[in-house]
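The following blocks contain the structures, represented as structure tokens.
One chain, chain A, appears in both complexes that follow, with chain B as partner in the first and chain C in the second.
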Partner chain A sequence: MDSASAPFDSALFPEGVKRCKLKWFLFWIAVLHGPLMVGIVATLMCWGLALNVTYLNNNYPFGLWIAADLGVIALGAGAFFTGFLRYVVNIEELKNIVNYAVVIGVMCYASAQGILGIDIGQPLRGWFIFWHANVHSMLTEVAFCITCYFMVLCIEYLPLILENRQINKFRFFHGMAHHLHGAMPTIAAIGVFLSFFHQGSLGGVPGVLYGRPFAYREGFLVWPWTFFLFILSAIACGPCFTILITRITEGCARKRLVKRNVIEILAKISGRLLAVYLVLKIVDTLYWIVIAGRVGAPLSSFYVNQPYGYWVLITEIGILGVIPAIILLNTKARQNDSLLIIACILNCTGIFMNRWIMTVQSLAVPVMSFDKFVSYHPNWVEYATTFVFVWVSAIVIMLSYRYLPIFPQEKELNPL
Partner chain B sequence: MFPFAFEWVPEATRYVFMGSLYAVLISLIIIMHYCVIRAFLDLICPKKNHNNH
Partner chain C sequence: MKEAHHEAHEHHGAHKKTYKYGMVVDLDKCTGCGACMVACMAENNLPFRKDNSDRMRSQLWMRVYKISNGRPFPDTDICYIPRPCQHCEGSGHHHTPCVSVCPATATDYSHETGIVSQVYTRCFGCRYCMAACPYHVRVFNWWDPTWPKGMKKYLNPDVSVRMRGVVEKCSFCYHRYQRAKNKAYAEGRRELHEDEYQTACTQACPAGAITFGDLKNPEHKVHELKKSPYAFRLLEKLGTNPKVYYVSTRDWVRKAGEAYAGEEGKSVTHA
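Let's turn to the complex of A and B:
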């Protein structure tokens, strides 16, 4: 590309790659600011007028926000698991996608913390959970681990920023990026430790509710079986979300950014983990049906109230679990781009549905004989504040893609 | 919360929870300082064979 036709900000681009004109880039950023502003207005309403602007109530203190929170944390597991496979298991090929997994992870965890910042109603008291920690609560462990892991992700993201073409010209920043890369296995190991516990503890929170037969599970020592199922489901769907976002980015950029074999490795690992998860989930569900029936809570009592009928169970395990697992386990099927994308979408939707069931549906099922079923539908404020983080994430990803060397194979796949 | 705060209850769970939190935070601080100090040392005494990555 000659200097006359190069975009105005081309000096900031990674070496040897092509990007769209600055006016188009700014146009799309401006487009994303539309819904973003709606979300910001909704957020200010939540903070200024309190949570009664939402449809949360005493029956549903956990609503869309918590389900979305658990969902994005599970999707963000792609960062820690890809980091684990790259730096601890040492799968060399994954170095070509681990940077992008980190960017996605940063945005997932930033979104989770942002949603919590709105959900707690008074964010100025957010520090209470650290200072007045209830050390007997799994949610405290979750808060500690999410905060620390977000720091880990920011440290993993830092060398990418320092490797920007202009910033990297400063020898100090160049050296800093170099040494951070050297420390990455240690940082990744800390990330694995933190992720393992908070992914599990998020599952442990419903699993220990012994007053709610729909959610309660037996377990191992202090950990209910949901603790282990949540870890497994997160590491099974995290890589699929990384693949999905990579494919969307490739679609928007209209070029290949990652070689097929890298995607293939992630898809294969994801498929196997999803299969293991499904086997354990089905065993757990069957055991739960028997045990809950013995204590006077037959299966039919959980699925009698609409919209939470039997279709929920069938959709979660069958359509959003077994089907993507079959596609991801079959070599020919996962090599087909369309089928791979369908499998990733189903898998990621399945994780959201599972988190919704374990939080919102758990609260929906009446427990006492005098309890009545009350339905819950989030209002526009809840939707707008949840989606605001999608728009912010899209903007950060666009900026990162334009100015940071995220895809090491881009130059080779798209020679100028 | 620190062990010298009046709300601190000396129980095993609290030591495990808060101990793990501080261990992780200290590890991250050490790693960041290590990288900054190494980068600064590279700046004042440059090496000849510094491979680009």
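Let's turn to the complex of A and C:
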């Protein structure tokens, strides 16, 4: 590329890659700021006017925010799991996507914490969860592990920033990035340990509610079965979300960034894990029907109130579970780009639906015989505040893609 | 004073007696007048809004449910169920549902009194306890509390006013327990008479449907009342082990109270 036609900020680009003109980049950043501003206004309303601006109520203390929280953390599992496969299991090819999995993970976990900052009634007291920690609470375990793991993710993201072409010219930063890379297997292993616990404890959040037979599960020691199912479902869908975002990025950039064989590895692993998860989920569902029956809760009582009919169970396990598992397990099917994307979308939607069911539907199901079913749907404030993190994540991803060496194969796949 | 607490067992130290305060509500006597709700609101400084009709967001520590047997005339029958916090004790390996889940230890089960407390200044409003409670006794402060002009002067000075963004619930008028204890100590006593500590709803009930006292103390009325063959507790099968008992001679009422939604209580309608 001759220097005259190069974008104004080309000195900051990774070596040997092409990026769009700065004006187009700024244009799209500005476009994203539109809905972002709406979300910021909604956030300020929640903080300034209290949570009466939402559609949450005493029957639905948990709503879109908590479901989204659990959802994005499951989707962000691609970061720790890809790190685990790359640095602990040592699958060499995954070095070509692990950076991007980290970027996606950072944004997922930042989003989860941001949403919680809006969701709690007294955000300024958020630190009480650490200071006055109740060790019996699953939420305490979640808070500690998520915060620690977010720090781990930031440490994993740091060398990418330091490897920016200009920053890397400084000897100190160059050395720092080099040493951090060297320590990455240890950091990744710590991340895996923390992630297993918080993914699991997020499953424990609904699973321990023995006052709610719809959510309650028996388990092993202090951990309900949902603890293990949440870990498994997160590592089954996380890689799919990484594939999905990579494909979206490639679509926006109009070029291939990761080789097909790398995607193939993630898709295959995801498919196998999803199949194992589905078998255990079906066993868990059958056992749950028996356990709930013991306290006088027939299965029909859970699905009698529309919109939460039996279709929820069928959709979650069948359409959003079995179908993507079949596609991902079949070599020919997953080699078809369209089918692969469909499988990834179904898998990710399924996991989000599972999190919604375990939180919001758990509250929707009446428990006392004279309890009244009331429906809940989020209002614009809840949507806008949740999507704020989607827009912020998009901006961070755009900046990372433009200025940081995220994709090691980009140069080879797109010679100038 | 005669030592009343024969069944009290030792807990938290060699000389500390424990009590198990609870309530027995005679549903056959309850007329659904709502005096208990009003008394509770006045006693505990519960805020209300100009339009307080949205029950999904109103601050009610004591709520009276109206249920019906769902049968046509002339077999129609209705029942009113006053529902304060059930002050669950938990059973087996289960703690009190709301206490074990609170991440900031803002709610606690007192082994001295059997009362489930709520520390408003520690609660940060995650609402996990509300999700854990199957009785909907916990309410969130969706707004900052406001009162009509001049009404602030009439607030109960013994009860702190809660700020927005925190969860609150019935405390069995714990401030009355503290006041009674102080009085007893000043008089050189260590034990309370039954009538010294009574909740506001108990005293306000014109039909005398609510009886309050130490469930373990044979000299307290609740000790005998809870043994009635017509006594039951809400959602007993779940194992929450509540300390609020209900009494009704009507079979369908007992079934409706004990049952999980969708089973025996299927024919019950609510209002």
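Simple rule for what comes next: the second predicted complex is superposed on the first by the 415 of 416 C-alpha atoms of A that agree within 3 Å, B and C clash if a C-alpha of one lies under 4 Å from a C-alpha of the other, contacts with A are read in each partner's own complex, and residues count from 1 in each chain.
The rule is simple: contacts are C-beta pairs under 8 Å (C-beta built on N, C-alpha and C of every residue); 3 or more make two chains touch, one makes a residue touch a chain.
None of these values were measured; they are calculated from a predicted model.
Chemist: Pick one for A:58: touches chain B only (first), chain C only (second), both, or neither.
Modeler: In the superposed model, A:58 contacts chain C only, not chain B.
Chemist: For A:371, decide between first (touching chain B), second (touching chain C), both and neither.
Modeler: second
Chemist: Determine, under the contact definition given at the top, whether A:211 touches first (chain B), second (chain C), both, or neither.
Modeler: second
Chemist: Is A:171 touching the first partner chain B, the second partner chain C, both, or neither of them?
Modeler: first
Chemist: With both complexes overlaid on chain A, does A:194 touch chain B (first), chain C (second), both or neither?
Modeler: The answer is first: A:194 touches chain B but not chain C.
Chemist: Check the residue A:132 against both partner chains and state whether it touches chain B (first), chain C (second), both, or neither.
Modeler: So A:132 meets both chain B and chain C here.
Chemist: In the overlaid three-chain picture, which partner chain does A:223 touch, first (chain B) or second (chain C), both, or neither?
Modeler: neither
Chemist: I want to verify the contact counts: of chain B and chain C, which reaches more residues of chain A?
Modeler: C
Chemist: In the overlaid three-chain picture, which partner chain does A:179 touch, first (chain B) or second (chain C), both, or neither?
Modeler: first
Chemist: Could you tell me if A:148 is touching chain B, chain C, both of them or neither one (first, second, both, neither)?
Modeler: first
Chemist: In the superposed view, which residues of chain A touch chain B and also chain C?
Modeler: Dual-contact residues (chain A): 131-133, 136, 140.
Chemist: What residues of chain B sit close enough to touch chain A in their complex?
Modeler: Listed in rising order, the residues of chain B that touch chain A are 1, 5, 7, 11, 13-14, 16-18, 20-21, 24-25, 27-28, 31-32, 34-36, 38-40, 42-43, 46, 50, 53.
Chemist: Which residues of chain A touch chain C in the complex?
Modeler: Spelled out, the residues of chain A in touch with chain C are 50-52, 56-59, 61-62, 119-123, 125-126, 128-129, 131-134, 136-140, 143, 205-206, 208-213, 294-298, 300-302, 304, 359, 362-363, 365-372, 374.
Chemist: In their shared complex, at which residues does chain A touch chain B?
Modeler: It is residues 130-133, 135-136, 140-141, 144, 148, 151-152, 155, 171-173, 175-176, 178-181, 183, 186-187, 190, 193-194 of chain A that touch chain B.
Chemist: Which bits of chain C are touching chain A when the two form their complex?
Modeler: That would be residues 54, 56-57, 65, 67, 81, 94-95, 97, 100-106, 122-128, 130-136, 138-144, 163-167, 234-235, 237-240, 255-257, 259-266, 268-270 of chain C.
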